[in-house]
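Below you'll find a set of structures to go through.
Next come two complexes, and both contain chain A; in the first it sits with chain B, in the second with chain C.
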Partner chain A sequence: MRGREMDVAIFTSKRSLVSGSIILIILVLLATLPFYSAGYTVVFLTSIFMYIVITVSWTMFSGPTGYISLAPAAFFGVGVYTSALIGFMLPLPAVIGIGGLASFCLALLVGALTLRLRGIYFVMFTFGLVELLLHFVLWWEVNITGTTGRVVPTVDNTTVYYLMLIIFAILMLTAYFIRHSKFGLALQSIGEYEEAAAHTGVNVTGLKIVTFAISAFFIGTAGAIMATRWTYIDPRIAFNPLLSFMPVLMAIFGGMGQLYGPIIGAAIFTYLEEFLITRFPYYYMLIFGIIMVVAILYLPNGLVGLIQKLRKGVLRRHANT
Partner chain B sequence: MMVKILDIVIGGLLMGGIYALIAVGLSLQFGVARVLNIAHGEFIMLGAFVTWWLYTKVGINPLVSLAICGPIVFIIGFILYRTLFTRLRISSASPAAFEGNSMLACFGLLFIIQNVAILIWGAGMKGYSYLAIPVNFGGAIFAANRLITLGFAIVIGLIFYLFLARTRLGKAIRAAAQDPATAGLMGVNINQVLALCFGFGALMAGLGGTLTSMSYKIQPTMGLEYTVIALIVIVLGGLGSIPGSYIGGLLLGLVGSIVTYTEPGLSLVAYYVIFMFLLLVKPTGILGK
Partner chain C sequence: MQILEGEGVTKYFGGLAAISNVDFEVARGEIVGLIGPNGAGKTTLFNLISAALFLNSGVIRFKGEKISGLKPHQVCRAGVARTFQSVKVFGNIPVLGNVLLGSLFGTSTGMSSPDATREAMESLEFVGLSALRAIPAKDLTLANQKRLEVARALATKPELLLLDELIAGLNPTETAQAMELVTRIRDKGITIFMIEHVMKAIMSICDRIIVLHHGEKIAEGTPQEIATSRTVIEVYLGE
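And then the complex of A and B:
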């Protein structure tokens, strides 16, 4: 028995060593990428990382707890507007940090108000939040400041790329530690049976609020960074409701069972978006809708679930012969 | 002063009639069939565009279109539930999982229906003029088509209320709303009844769309706004209650009318504030238990 545990321990440590070095190699490759690739690749990869950051952040909260949040666009927009409001006053890292913090605070407030609600009401509330902020900022700009839209200080593409990569790395570390800690286990228990979790001593509401806010922080930083690439923003760009649906779609398509599922989903979808927009600009949202319906119907556990199922099938066949 | 008040109140009620009608549809889909149909507004848009198309191309009276659009969207809704949502309901682990999955599938439907409409009719604003005769109410002036809209919205709601209260099928629907599993044991063909409910929900949306097109400009992306309004109304009036939907709809119409009068840009903001406040304070609505 003991020996077997040892074997498992050695096996897993070997495996984590291998996967750790693979991750390191990928990170080094990504970090040196701007030195040997064309400008377009860097811009394109920045978009991919933006979606990955939003999707992984979304999954961090909504994956284990099962509370579907449609607020990402709100947090993203807050980040974008932070960048526009203080971008000319402060150095970029400070702007990004403040953008994240602003989203963090908004999420604390929203979470404290709503996370007692039943699942479906939470969905409606978060969706309403995006539209509320959008229309409020729009009204504010038309009636109070008298100008719609703002100019954001621009930053060169390579810097934007590196900033997004850094946020991505920090996010992945955070997501990994949350997943493999007591904290993550408690979150999982909320998703499975909230009352039981509360009875076993988990501070259900507190935990949900904090995780929701952490996930909002990263979405806010992504918004603050992306704003610098757009140079001009207005409420409809900043609080685009599509940015609330995309992470949901990407996470479901990739599969939420594993940490890398949302990454795969986001990467494939961003590529698909780029491809469809250039080739079939009129059909692209239509094709998106069809993929969404098909993914929900036939891929309940996403691509990752499908791969695992296929792998299990192969193993079983090997065992039989 | 008096005229202004009349203007605001009647204007609000006229708007509220349509709100109520589409909210009854959503209430049926969400309260009984358990599908939070985010694509509800797309059925309104379909109804509106088919009506516009029939009127400008073939010359069919919009009121006659009620009898054409209704069945079309009903069949679309019924088939969607029998194929897509029944499958999802069976494969989902729990009712809560089905609520989540079906809502996400509706997002997919939203994109599909909206973009098919853009491909067919283009993305621009459309409109036609029908019965735009001014009617005078003690100084406040309204177009006749808006009054007809309110009249039909109330009549349709009343007919549906009687249908639920008096017929055998209505009883089956009410049973399914309370407890689908037990209703199934009592011999109710539950898949059929839920699909009918979803179809009726789409029907209400389609009729609402036809009525909307008579007095407002329409465009393929108009759906989401109506969906959100319908959501607010059912949260306001209480889920699954037809009188509640009517009270909620007329109330929201009034609020919208008052806010639009004082600060036009803020009407949507006011809707969302009411909506979020209600969700926090009393998510079961005014008439909810």
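And then the complex of A and C:
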């Protein structure tokens, strides 16, 4: 028994060593990328990373708890507007940090008000938040400041790429630690039986609010970074409702069972969108829709589920021969 | 010494008094049964004690301190654990993980991760589920899911355990095992307050029984007194 447990320990440490070195190699490749690739690749990878950051942040809270939040566009927009409001006053890292914090605070407030709602009511409220902020800012700009839209200080593409990469790395570390800590277990128990979790000693309200806010922090930082690429923003760009739906679709497409699910989901989705727009500009939405329907019908656990099924099949074939 | 006391406990659902002006006491070390016909308010009373519901008036004290008004997780950490009438195990979490949640979050002082794991393993051992610790809880039989709920509750190191229909749905062998489990929990020094419909079981195991009917306490006493009480017989069998 003990011998077997030791074997398992060695096996898992070997495996984590292998996956650790793979991650390191990928990170090094990504970090040195701007030195040897075309400018377009850097820009394209930045938008892939933007979607990955939003999707992983969304999954951090909504994946285990099952509370489907449609608020990402609101948190993203808060980040974008922070960049527009204080971008000329402070250095960029400070702007990004403040953008994240502003989203964090908004999420604390909204979470305290709405996380007692369940199911469809929570979904509706979070989506309402996006519209509320959009129209509030619009009203403010029309009636108070008198101009719609703002100019954002621009930053060169490579800097934007590196900032997004850093946020991505910090986010992955955070997501990993939450998932493997006791709080990850507690979040999962909330998703299964919130009432039983509370009676087992989990401070369900507190945990939900804090995790919701941490997830909003990263979405806010992504917004603050992306704003610098757009030079001009207005409320309809900043609070684009599409950004609330994309992470949900990407996470479902990739699969939420594993940490890498939302990453491959977001990456492939963004690539697919780009590919289809350039090749089939007239049919791209149609093809996109068909792919989504097929994925939901035949991949209930997303790409992750497919990968695990294939891996199991290979192992079985090995065992048979 | 009374470990749990309720005074004038009242709960309305709309205009209906689900629990009206009920006084009750549970002494340390006792096994107290709570019986009554369907809809008498038994589970509602448990929900009030464990803070799943707030009460409209009255007060509930645990070890002399007021616990009514606390949140469910605070009541749990204070030392009152519970199980559910319809089993609520975390189906996709392994058996050990279910119990770990109790020892990680539910104890009064909090525990380091190795201590919590040891505590969880002990609880699983106690209810006889150690061998099944790695499988998802949804794959257990009903009897084992009920045991798992008990193990999860015990891992929070409670002084009082509320058991809501532990035996319902079990076969005779499983019932006997469950009754034996209840006595072993009491022998650990944990006070037990239990709702049950199986009269034979409850008569043989309880020190005292409280009878609820239409949200009111109609009788209280030893199993013999309850079995011979005219009011109780009328409520259950009609005149």
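A few notes on this one:
Throughout what follows, the second predicted complex is superposed on the first by the 311 of 321 C-alpha atoms of A that agree within 3 Å, B and C clash if a C-alpha of one lies under 4 Å from a C-alpha of the other, contacts with A are read in each partner's own complex, and residues count from 1 in each chain.
Going forward, a residue touches a chain if its C-beta (ideal position, glycine included) is under 8 Å from a C-beta of that chain, and two chains touch if they have at least 3 such contacts.
Bear in mind that the values here come from a model prediction, so they are computed numbers and not experimental data.
In the superposition on chain A, contact of A:A186 is made with chain C only, not with chain B.
In the superposition on chain A, A:T65 makes contact with neither chain B nor chain C.
Of the two partner chains placed by superposition, only chain B is touched by A:N143; chain C is not. Touching more residues of chain A than its counterpart among chain B and chain C is B. Contacts of A:T200 after superposition on the shared chain: chain C is touched, whereas chain B is not. Those residues of chain B that touch chain A in the complex are listed here as 36, 84, 87-88, 91, 96-97, 99-101, 103-105, 107-112, 114-116, 118-119, 224, 228, 231, 235, 263, 265-266, 268-269, 272-273, 275-276, 279-280, 283. Interface of chain A with chain B (complex): residues 66, 68, 113-114, 117-121, 123-125, 127-129, 131-132, 135-136, 138-139, 142-143, 241, 245, 248-249, 252, 282-283, 285-286, 288-293, 296-297, 300. Of all residues in chain A, those touching chain C in their complex are 182, 185-186, 188-189, 192-193, 195-205. Listing the residues of chain C that touch chain A in their complex gives 50, 52, 71-73, 75-77, 81-82, 84, 88-93, 97-98, 100-102, 104-107, 113, 116, 152-153, 156.
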